[in-house]
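Note that the chains take the letters A, B and C in the order they are written out, and that residue 1 is the start of every chain.
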Amino acid sequence: MQLIVDSLLVNYEIQGDNRVKKTILLVPGWGDTLVSFRTLASELAQDYTVISVDLPGFGRTQQPQTAWGLGEYARFIGSFLKKLNNTKLYAIIGHSNGGSIAIHGLAIGAFTAEKLLLIATAGIRTTTKQKLHRRLWQPIAKVGKIATILLPGHTRQRLRQQLYKAIGSDMLVAEHMQETFKRVVGQDVREDAARLRIPTLLLYGDRDNATPLSFARLFSEQISGSKLVVIEHAGHFVHLEQPQKVMTEINKFLQ
Amino acid sequence: MIKYLTRYHPHYITALLYMLQASEYKPKDYSAWYLRTKDFSTVARRRSLVMTTKAKLLLILLWGLVLIQVMCFAIMLWIWFASDEVGWLIMAGIVTLVGPFVTAYVVLFPLWLGQIVIQRPKQRRLIAAAHQKLAAHKGLRIAVAGSFGKTTFKEVLATILSEGKMVAVTPGNMNTPIGISRFINTLTGKEEILLFELGESHVGDVKELCELVQPNMGIITGINEAHLITFKTIERTTSTIFELADFLPHGPVYKNAESELVRKRAHKNDRLLYSRRGVNGWAISDSTVSINGTHFTATKGQKIIWAESGLLGQHQIGPLVACIDIADTLGLSVSQIADGLKKTKPFEHRMQPRQLHGAWIIDDTYNGNKEGVKVGIDLLCRLEARRRIYVTPGLVGQGEKTQTIHTEIGKQLAAASIDVIVLMRNSVTAYIVEGLRQAGFQNELLLIDEPLQFYTNLEHFVAAGDVILLQNDWTDNYA
Amino acid sequence: MPKATIRSMKKTVAVIFGGRSAEHDISIVTAIGSVLKPLELSQQYNVLPVYIAKDGSWYADMKLKDIQLFTTGGIEAFCAKTKKAQLLFDNGLVLIKSGLRAEKIKIDVVFPAMHGTFGEDGSLMGLLRMAHVPFVGCDMTASVIAMDKVLSKQVIMAASVPTPKFIHFSNSEFAAHQKAIFEQVEAARLHYPVFVKPAHLGSSIGITRVIKPDDLQNAIEVAMHYDDTVLVEEAVTSLIEVTVPIMGNDELTPALVEQPLTKAEDFLDFDTKYMQGGKKGGGKRGAQGYSKLPADIPESLYNKALEVAKNAYKAIGCTGIARIDLLIDSKANKVYFNEVNPMPGDLYAHNWRQAGIAPVQLVTRLVELAEARFARQQQLEVTLTTNFLKQF
């Protein structure tokens, strides 16, 4: 279904009856769309009203005109819910970057929810390993930029793509959103997390390289009264890799 | 001139290899084709090259030859530069001129050598072993010979007999001494019936095969002008195929009465002459043909068989009733025979129906004789259709009679008032068109320049309710 | 006897595809699969592919016949290194491929295989009329009417062909007098559910089904995002959607009444229409995904659908080919006109084929229809020629 929010054409889906039951919002991660939540959403829809949305720039929602940060994304969700006349969320479920947006949004009061569920959530930007990583690559990138200045445009672009692929960056997941990406990953949400006072469940995969277990531990320290569950045999897309286990945990938490 | 220059295009090499492969590495056919070809860029339009090990080796050899020529050419030029003797320049020119021909023929040498040194002795040993093995085998041997229809007959008979007997049958077109010997060497000894297809391309072939397989029973499925080029006269073809009858002066030999040449040669009162009217006391009634198959009733005394075969066409009834009689003589019950008949299905590329977007395509591309064309047109007329479409390139290897045969086909098509006639343009097209004209054909005629394009894009030419009969596939060597 | 075709005497048919529309990619599929190939196979024409890139540049090259050029993304490199084609109006259409030696190609017939804006909405037809060249499909006026849902419904109503009740308004009207518009909806007594649609887009992009008045505002906003005119239309109950491809200038040949199978959603959106077309098993493959062919409706209703479709085709003034979408109220046995597609995706070849017209026959007949219409128009022009200036 479609809706205009702040002049952006927004694609979303509602499952379940949106008048009677409690509402749950699903927020996908960077470069991801509501499609990856469909199974989860239809199961949840038996007991709740489930809204899933494509964030601006991804799926079939329009791209924002300017570069956005977490703040813009959080406020966007606020306006989106208002447009749907559904501002009182029972729970919000965020995956990866969607989790960061949820944390930030709740912290700044862009929207409210009774419960928070974070799946393989990102938002911790300066672990020592990452610093090392950056310190290693930044000079190389600078040198590369200068070295390739004389090459034709498309060759340069291809080289760049190969480089980003080699270092496993998400930068090119959505090439059209590079500036937004830089802004979003520049924001650390640990302080926001510390301000949360609602029951929170953290679900992380034991084989996740993108948002490793160290993130999970840092978040569970920050958010008082949060609960961490590590899902075995799962990478970053926990809800797609171990749907059953995830569903069981979510049901337990939401009841 | 430009056509001539195709001999210097890299495609030339591929074309040579394709020609070798398509002519089954027979030097004579290859050579004839080579000499006939003017433009090598158009070779390999109908099919494409299959990269077997043999083909790969030959390809390397061919390019090796080219390389040697290029080097010779270069060296001669170089010497000419160095010595300034015009003789070397002329030599280089000659190399350039004769190069392609040398390549085309030198490539035959290793093939010939392989034949003499490796293949021939191996084949002799193989045949000897088969001879021995078969001498000890207790199964009944049935041999099938004829210019056409033998593969179908063999397969149908095997299907029916399998309802009550252990049957072994020569696979595919394995009908040469080598092929049959290979087949014999795979037998277990337990088979009750052995079915052999006997191939013929030269006088004495059938006799030689009879001596190898020692048949107890024979079937002659039909005689026509196929292989007329090697047989020279139709009489020689006839007597070669009748070598099977000669080998079995007392044994049962079934003969197809619907083939004129067979009927003429056989005795009038031969009870084993089979046709759509019956054979050996069997009478046929109530025959119908649809896209799903051919149905009829066969009666002999107290025995009644309601035959439902998946094979298409009235012309199938003769062979089917011959099979019924053979099965009956060999002791199969009426119900076993009926069950066997039900299992007979069209063979690949032989009157084989398939659906395409709601249209019926009858694939009869393996047919290659005028009898087949006649029954094909007959079948097409009998089937329900929105449009009847007939597709053919014409017949191959009809010798002197090419013109009359194709004009006749044109007339038959016109008489059958086929809705659309599609002809692959080649040397016989004009004769068919002439036949159509003489008979006053008024419907749609399509002449196709790119057969491969046509066949692979058939779906663009058909609509629901059409029946399309595809007959007589041509390879390039007849283009 | 059939006409003998000599190579040099073959007419040149230019197949124009691509274009500056949202349906650029679908046009490529239509052109290569359903137009170029069968036209070539007919052996009656020299077929020239003419591709309009997303930026509006024209290219004419035989290499454009290959779908792989587009599926592999090689098209961008191709456009970068290939000279653009120029148009010359020389009492007919001539394409010029510049290069070392400029190649002039006289076009005898144009086959526009374009969908959506510029290609299907009459713009290209206007250009071709100016060029004085016969072209396949609806003429300019019919295309303009067809691509405007409001206009086509008004024309249809004038011809007494039934179509669902509706109101329409422009974006500026809505912005200025929102309240008045809502009152208008009330006054028109439109029964809910209603459909809110942008007036111009061909596929179901931007269309929302609205169940209650509260949701109307959001739906109008979405429609206005796509177009400057919006219509609110009563939904047909007990709905069966069918579509009928029709061919002809004066004498109309309808194909079969086809029933596209909608999924769980209330109607097809762009995704089901084009993106998933034929990927999964079951149903007939077509530009519209899955469908029942012929439609599973009683004979009387089937005939009524054919009748309404033909009347709509005539009322709008379609020629060549068009596809009429109908809405059937299966309880009331009523057939309504919904919209018309002047250039159906794939030409609806799968339907024509079931109706007994093979793709090769379809395209050659369409070219013949184009030439027939052109010849008639020329006759009219001749009678209208005056020597006004010479009087002085």
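Going forward, a residue touches a chain if its C-beta (ideal position, glycine included) is under 8 Å from a C-beta of that chain, and two chains touch if they have at least 3 such contacts.
Nothing here was measured: the structure is a model prediction, and the numbers come from that model.
Distance from each chain's C-alpha mean to the overall C-alpha mean is smallest for C. Chain centre most remote from that of chain C: B (centre = mean of CA atoms). Inter-chain centre distance (chain B to chain C, centres taken as mean C-alpha positions): 49 Å.
One simple way to say how far apart two chains are is to compare their mean CA positions; for chain A and chain B this gives 67 Å. Averaging Cα coordinates per chain places chain A and chain C 41 Å apart. Chain B makes touch with chain C in their complex at residues 357-358, 386-387, 437, 441, 444-449, 453-454, 457, 459-466. Residues 206, 208, 218, 221-222, 224-225 of chain C are the ones touching chain A in the complex. On chain C, the positions that touch chain B within their shared complex are 1-2, 37-38, 41, 43, 350, 352-361.
The touching residues of chain A, counted against chain C in their complex, run 1-4, 9, 83.
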